[in-house]
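Right after this note come the structures.
Each of the two complexes below includes chain A, the first together with chain B, the second together with chain C.
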Partner chain A sequence: MSSRKWFVAALIAPAILVMAFVVFYPFIYNVFLAFGNMNLSRIRDWELVGFRQFVKIFTEPSQPGFYVIFLKTVIWTAANVFFHVVIGVFLALILNQHLQGRSAFRTLLILPWAIPQYIVALTWRGMFNYEYGSINLIITKYLGLPAVEWLKSPTEAFLAIIMTNVWLGFPFMMVIALGALQSIPHELYEAADIDGAKWHQKLRAITLPLIRPVMIPAITLGVIWTFNNLNIVWLVSNGGEPSDNTHILVSFVYKAAFNFYSFSNAAALSLIIFFILLAFSLFFMKKSRATEAAY
Partner chain B sequence: MAVQNKRTIFLQRLVSYAVLLVFAVISIFPIWQIVNISLRPGNQLLSTVLEFIPSNATLENYVRLLSERDFFVWMGNSALISIAVTLSGVALASTAGYAFSRYQFIGKKFGLLTLLTTQMFPATMLLLPMYIMLINLELINSYIGIVIVYSATALPFCIWTMKGYYDTIPPTLEEAASIDGCSPFMTFYKVILPLAAPALVITALFSFMTAWSEYLVAAQILQDSELWTLPLGLKSFEASMSTEWGLYGAASLIVMVPVVVLFLLLSRYLISGLTLGSVKG
Partner chain C sequence: MAALVPACRQKHSDSERIVIWHQMRPDERVILQRQLTRYMEVYSAIRVVELYKETEELRSGFVIASIAGQGPDLVYGPSDPIGIYETTKTIKPLEPYFSTEYLGQFSASALTWYNNHLYQIADKIGNHLALVYNKKYLERPPTNDREWIEISKEIQEKHGYVAGRPNVYGLAWNYTEPFFFIPFLTGFGGWVFESDGVTPSLNSAAMVKALRFVRDLRDVHKIIPNESDYEIADALFKDQKAAMMINGDWSWAGYVQKGIDVGIAPLPMISETGLWCAPMTSPKGYSLSANVSPEKTERIIRLLRFLLSEENQLETVRAIMTAPTLRTLYNRTEITSNPIIMNSLLQIERGRPMPVVPEMRAVWDAMRPAYQAVMGGARTPEQAARDMQELAVKKIRDMNE
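Moving on to the complex of A and B:
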């Protein structure tokens, strides 16, 4: 019995040691930092100052302010996840028929997910170029519309990062939805056909409720990933251009930490992001479980 | 009735194919862009003509990339870091995942919940403290520092995947092995681990990709250009005053193709790992 205990300890100890060193310790250090006043000039003689950083973030007007960036983060997350799910489920429904060349299409449609994110971001940034970017070339030459200043005006730049991320994220939802669709028993649709159900009735009464249990965790994960997606925002907008108008919370923290070196401020913001996501996940999972029971 | 039915089915197929075709084109478009740019001769990089394959296409950019730039150095650095992360990820996740799947111990539930919670950490929350830590330990501009950070990022997902997969292997196998006189370690090593090969592949792929395709952490930790990884090198083509699009395209394509092929081949497993990890939670 005791040799079994040693075995379990030997299995788990290395991972716990690593996690303690690279997850727990940084997390606790981050909490201390958030209540401190560390920056580049005070990296060795910083001290705890209580809630000063949080008060500063929530009350002091800064450029850009916390609430504006938070609002942008919510819009960014909602828009992305909405389009990911709608496009993903829609394509999954189409792919779930008996079509020829189905697996070839499936492979092509996964491509955006397969490419390293930083290459996606840098390539799209090139495609959004005003004069030579292919998007403006298509807009002006084939659609006959005026060219758009994608990367230089705040709204268009924000739109550009959303478009890039929608492109990148729909395959994940498509694949998850496709897996869920394939596990729905055929008899249900046959029974519905016998009862003379229309396609939208089948969709509402059979398909959507049955893929729901799989989609809910995927959507939760999608929200968390999108909310924290630093890569695309940072690289497409080149660090928040034009003039810090395209930040979401996490990219703003990255800037505060590594461009302004206001470490404690960044640590406090990180902590705020974490608690927002934790609250969201608990609430969303609980709520979806509650409605599930009602079915 | 029958005729009308046939017609609606035909129409439905037509619309289905049209939609799939549109989205397939949208999916391929940026890749075609990369190929196209990488083949352009130097004087046509800033062309405003949309051609499928540029006229007088040339491999000049590839030759320049491989002979004049440090591409092989970056690739070597990236390979070294990625392999280190992969080995440590697989070793730690395969053992810890097994313990989480099969044994009861104090703090097990807390451990699993913590692993899930780390997914909600914004990247900066671990990066900033570790960055300061690495400054204090003088590990900035060292591979040890970055391998530690990458392993930490990949480990929670890997442990969950391994645990989820071990859960699907019936425990009767271990009972049989122990009746045959196998020690717990031999049972794990000789019986269970080989059966978990698909999950090991996912863990390895995920760890490798985490390190191979990461830019933002590397940008802070590896400041010395001799230590640069591929993402830092590729970004440097864009960072200078005028973007060297031709070199960027050629480099992107070379970096991308193996990863994309691997991903497509293994995507089925990757997805089953993801759903196992998330649904069983």
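Moving on to the complex of A and C:
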């Protein structure tokens, strides 16, 4: 090998070494586990049993079943990312104007992102309490509507978790969108103004296409993070309450591994999640042509 | 850089460093830290490190760390995960290190034996629920379920309602967790296992009656809040917006410190069966990690003897009013003159030891969703009892496959 190649190898070796320990080894171990039978009683003498865990996940009726949880995960991810992007871009468009006190607004809007998720989740859980929570106080006192059993009914509980995560997640998209907006050359808008373009025409023809290359990777990341967001689901719903009806796939994996000690089952579910996200990312990046140049 | 390494090296070698993982509350932790400081003053070569872990994290974290050859030397907590620890071979028997005379000083319930080996020695007995009441609202605690409901209604009527909600609830507790439901199940004559101790017995008439009873407390008698997890119930009682509460011995000292005129009483009797509502009781104590080397064991046992000593147990009793495990302490005036501890001991007497078999885990996980579904109005008590049983059997089968 030439000295140049040795030099390159030496430069990337530390990164490869770290990756081997923190990514490759756990991933390969997880694959082995998924084809094994490691559980509480066989934690030390587990063995490979083929596709048993996968067959169990896809075919064995359970409460809650895989397909129901998967559907909920899709709804959870789609709803969250949709609102993150819509609210984020909307606020970024406002903040991109010449407003007085713009930096103060920007700081305020980033706050949800700056607060630790644990605190946010538990605060929102308290706010959703039927009798003493502020959400119901607002609903009953100012809107004159009946109080909602946010944490007791499955649908409402799921909605409560989504609302919490929407609040927590929009600042990220806002910051990304704001960065993208500020990089759009102003001359394009001036030219459009000369042509007599309306604001919605400028939005459709200039703003959205030019923030797309930045937003697509952010949305892809947002989908992966939201799909795998354990903290909010677990803490707001107190581990899937009521009756394990608010699980998404990743919270169910956590429960299977650390509450039920079904390590192989959890590993198999993790592998399924990995392939779902891999397929989505490849498909989305290809369809959205995110890697193409914008200008 | 290399010259700096010896200077940075820890002062204590691994065999001189003892690590304890525990799930003690802040007030318990303060006492532990004080005791450990005293210990390290006497044995200056030893460094004892205590690390707090939340209950679930302690259990699963200890199992995983131990299997990887890591983890603490001592693990402290309630006795219920002992079956899991033993099954995973993450703790080792303690009886080779203590004489029969020494162990004879402890209350029998302080020593957790499983598969003929001693796996835990406790410094506290109980970890149990009892009726906590605010003497501002009631002088005498109820002794049966009828009185319980009646007194609660009287208190609510007396203090009035705002927007249909009582200013003071008769009763509150964490009714999302099955652990808090057990007293009702036992009050109606039920239990979680058949007599073999491992087969779930959740689909029973007692279970149906107990589920209906708890649901009726809210929906028919309206003496408990519409939603109540641990934090809500605790806050209601601390704010004096609940006259009575079902809570464990870990919480009582906090209520006293909060300035509430607290009374502790055994949970009432269910009139229909003539049985007391019996909570699960469990000792809280220390287990020895299977990874501890023989050379280090002696040092750990010496520390364990110190932590379990009369002086240290008495210090804990005085500070947080938990029941000690050394029998010699039961006649001390600190205990006999304290009505909270005496009632706590009476409740322990009426309680039932929490099973330590790993199957208990499956039972909790099977009870929780169905119980919550009954309280959420999604399932009938009959359906819930059937579902619990079915799920528990499935989970145990999965666990053992």
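As a working rule, the second predicted complex is superposed on the first by the 270 of 295 C-alpha atoms of A that agree within 3 Å, B and C clash if a C-alpha of one lies under 4 Å from a C-alpha of the other, contacts with A are read in each partner's own complex, and residues count from 1 in each chain.
Criterion: a residue touches a chain if its C-beta (ideal position, glycine included) is under 8 Å from a C-beta of that chain, and two chains touch if they have at least 3 such contacts.
Please read these numbers as outputs of a predicted model, since none were measured by experiment.
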Side-by-side fit of chain B and chain C on chain A, or clash: clash
Touching partner for A:L33 - first (chain B), second (chain C), both, neither: first
Contacts of A:L48 with chain B and chain C, given as first, second, both or neither: neither
Partner chain(s) touched by A:L151 [first = chain B, second = chain C, both, neither]: second
Partner chain(s) touched by A:L71 [first = chain B, second = chain C, both, neither]: neither
Partner chain in contact with A:P116 - chain B first, chain C second, else both or neither: first
Partner chain in contact with A:D244 - chain B first, chain C second, else both or neither: second
Partner chain(s) touched by A:F258 [first = chain B, second = chain C, both, neither]: both
Partner chain(s) touched by A:L282 [first = chain B, second = chain C, both, neither]: neither
Contacts of A:G126 with chain B and chain C, given as first, second, both or neither: both
Partner contacting more residues of chain A (chain B vs chain C): B
Footprint overlap on chain A, where chain B in one structure and chain C in the other make contact: 43, 126, 131-132, 257-258
Residue ranges of chain B in contact with chain A within the complex: 12-13, 16-17, 19-20, 23-24, 26-31, 33-34, 37, 46-48, 50, 88, 91-93, 95-96, 98-100, 103, 105, 111, 114, 117-133, 135, 148-149, 151-152, 155-156, 159, 183-185, 188, 209, 212-216, 220, 231, 234-235, 238, 243, 245, 248, 252, 255-256, 259-260, 263-264, 267, 271, 274-275, 278-279, 281
Chain A - residues contacting chain B, complex: 3-4, 7-8, 10-12, 14-16, 18-19, 21-23, 25-27, 29-30, 33, 38, 43, 87, 90-91, 94-95, 97, 99, 105, 107-120, 122-127, 131-132, 134, 137-138, 141, 167, 171, 175-176, 179, 213-214, 217-218, 221, 224, 228, 230-231, 234-235, 249-250, 253-254, 257-258, 263, 266-267, 269-271, 273-274, 277-278, 281
Interfacial residue positions of chain C with respect to chain A in the complex: 56, 60, 63, 67, 84, 87-89, 163, 165, 176, 225-227, 229, 231-232, 358, 361-362, 365, 368-370, 372-373, 375-376, 378, 387, 391, 394-395, 398-401
Partner chain C, residues of chain A touching it in the complex: 37, 39-41, 43-44, 62-63, 126, 129-132, 140, 149, 151-154, 238, 241-245, 257-262, 265
